[in-house]
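Should a chain be cited, it is by its letter among A, B and C, assigned in written order, with residues numbered from 1 in that chain.
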């Protein structure tokens, strides 16, 4: 099994592509850069396919995940052994195919989108570097290697969001992304430390095998596992943009659109969901943590949807949509439906990437315009983009037979079935679904229908080239068909996707037979009705000549994202900066440290100033000093003779 | 009181007198003459102790050469009476106590250890000149040669220093 | 015989007087003479010890001291002549160029 034994080749290929492009690409033509960038990612995808094939064959005989030990990295006496281990199991298979597949499509798209940009080679170098780290993250067999990938994708996010670094807002956004991520990473690290302390290792297999034998914590009890899970979830909050650490994602739209598609829709932000799913053994032993995850996810889903209702920048709408959909994934994990969460992750990757890339196509067509209030009536002009975007929107709204219908449905059903708070979670989730449908169709109407609100002389609307529309079409196809794995369960058949993941997550969460099946049917009907409601409201409001109104009252609050950024600035960022400036800089650094150092200098000088008076130039004074010295020497020499007599002792 | 003791006290008194006079005189030539007095009395004391050679050397070299040199220099530089400047407060206040302390320490040490010295040998028992020369040319021959070198250097130095500028 | 102590005490007294002169006199030549006085006092002590111990070593040292004193007097007086020419004064307190 060549690939399986050399799993490292899958992440290494993009790394090579990144290194070559980064070091040499500045002087090359776009074609050469493309060869390395697309070639490495494509090869990686091919290797991933082969690895999946080999793994499935391997699993037939061995029935557990494949772990390959490579090099020992940190060896501290006998307490800490961390190695570059990679593993592959069914969950990894899903993630691997999504990351490499969608990644490859986005690389192809970028060759068209970024064709006129400065720093073309740099973009692909960063993009490949991102692929490397993401693959490390999902192939990792222990928390530390995962964290390496985790940090690395954060770094690449910074690099890519701040790609147009000459723009101040882009640089600020890059910093914000990295710093807010860091806050989450701190929680993640604390979680890792706690896990190490409890289990003595950070290896997935070992921890999960051991933890499975532990008794679960009771609800409300903050045992070790609960605290560790909560800390890891803090990290996931940062990386996957949930409350309260979501603020970087909308700002991250400063980056080029392919970046938004790849990193902030399909892959990096899903790393948090992946970690929670990977640690499901720990989470299922910590019901309090699961509750927290579910509530945060649900709240975020609703919260972000409300903000997305009124945004005017096409990418910002999609950004808040991403935050909202990630909330759904965490809701799924929180209620124990890990498989459903991963399913939604996969379908979301398809349709969100599709939506972002289509938006990029629109922006490209409009010559860089991103404000929807300056668009309108584009459906006839850019047909392919319009159709693809429509596919994506129908998918996200949750209409069957498109992909998200199945995944979102599973999540809401699992939420509904949760004892105690399940109904409330379901209600909020359903409401968020209505809002989702509404604002996505609003986006479509504002952009593609109605009167055109731009000046035709300045903007020449043109369809995108093939290297951009081909990935769109592939993703549109996947958005349609991606959910069909689970479709048979609707009419009593098997849910193939859940079955595929069952070696990881255990047998499917849904139990209960006939009554629950019909409940599920009813709930799916309600979900479709919700989507229709949203669609109807959007048509009613926007299928006419519309103008941007003034923003007042509730609209103003939503448009300004509940002023969360301003609140953070005032309560956290502002005081921190104040402390850094006034306290640490002025008081500590200048006052104390400089003061000590300068004080030593000044002190030495003043001592010298005092002592110089001995150098009076007067020879007679010097003579006196000589005599004094002579007295001291004599006293020392004659001391044995003098001192017994001084005290009157015997000789 | 043996004769030796009397002579000792007389000579000692003369020496101390000369030293005190050296301090108290205002004109350097008077101080020079007082120093000559001190040296001659010391030569007498050496004779009393039986060190004839040293006594002779003292008179010839010290009294006859060094002091003559001093007197000549005083004449050359036309040294007058001492100026009464007093710029050094330290010397004014600490001078006498320190000098007394120094002398006191030495004197105290001497007195405290007086029991340890062997009694003086009879004056003839130490045959001075012959023993002295024996020692000088055997054990101390190196320092002896070096001192001759030293004198050469001193001569050269003195000549170079005192030349008139051309 | 005169006890050695007496010579030593005399030597100490002369040395102390020499120190006094060294500190209090202002004429540079007089200070030199005070140095000679101190050297003489030391010579006396050496000869006294030499007599007390019956060896001639002390006298040898006295010879060396006399030689060195003579050489030093010669060179020193040469320097005094030079400084006196430059500064036009024999007052040691007027030579304060090393003042900070």
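Going forward, contacts are C-beta pairs under 8 Å (C-beta built on N, C-alpha and C of every residue); 3 or more make two chains touch, one makes a residue touch a chain.
Everything numeric here is computed off the predicted structure, so don't read it as measured data.
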Next on the checklist: Using only Cα atoms to place each chain's centre, name the chain farthest from subunit A.
Outcome noted: B
Next on the checklist: Looking at chain pairs A-B and B-C, which one is connected by more C-beta pairs in contact?
Outcome noted: B-C
Next on the checklist: Counting only Cα atoms for the centres, state how far subunit A is from subunit C in Å.
Outcome noted: 92
Item to check | Between subunit A and subunit B, centroid-to-centroid distance (C-alpha), Å | outcome: 97
Next on the checklist: Can you work out the whole-Å distance between the CA centroids of subunit B and subunit C?
Outcome noted: 6
Checklist entry - In subunit B, what residues contact two or more other chains? => result 87-88, 91, 95, 98-99, 102, 106
Checklist outcome for this item: Within subunit C, the set of residues that touch 2 or more other chains is 19, 23-24, 26, 93, 96
Checklist entry - When you check subunit A against every other chain, which residues touch at least two of them? => result 616, 618, 620, 623-624, 627
Next on the checklist: Per the contact definition, I'd like the list of subunit C residues that touch subunit B in the complex.
Outcome noted: 1-10, 12-21, 23-27, 29-30, 32-34, 36-37, 40, 43-44, 47-48, 50-57, 59-60, 62-64, 66-75, 77-82, 84, 89-91, 93-94, 96
Item to check | Partner subunit B, residues of subunit A touching it in the complex | outcome: 616, 618, 620-621, 623-624, 627-628, 630-631, 634-635, 638, 641-642, 645, 651
Checklist entry - Where on subunit A does subunit C make contact in their complex? => result 612-613, 615-620, 623-624, 627
Checklist entry - subunit C touches which residues of subunit B in the complex? => result 2, 4-5, 8, 12, 15-16, 19-20, 22-23, 28, 31-32, 35, 38-39, 42, 45-46, 48-51, 53-54, 57-58, 61-62, 65-66, 69-70, 73-74, 76-77, 79, 82-88, 91, 95-96, 98-100, 102-103, 106-107, 110-111, 114, 117-123, 125-126, 128, 131-132, 134-136, 139-140, 143, 147, 150-151, 153-155, 157-158, 160-162
Checklist outcome for this item: Contacts from subunit B onto subunit A in the complex sit at residues 87-88, 90-91, 94-95, 98-99, 101-102, 105-106, 108-109, 112-113, 115
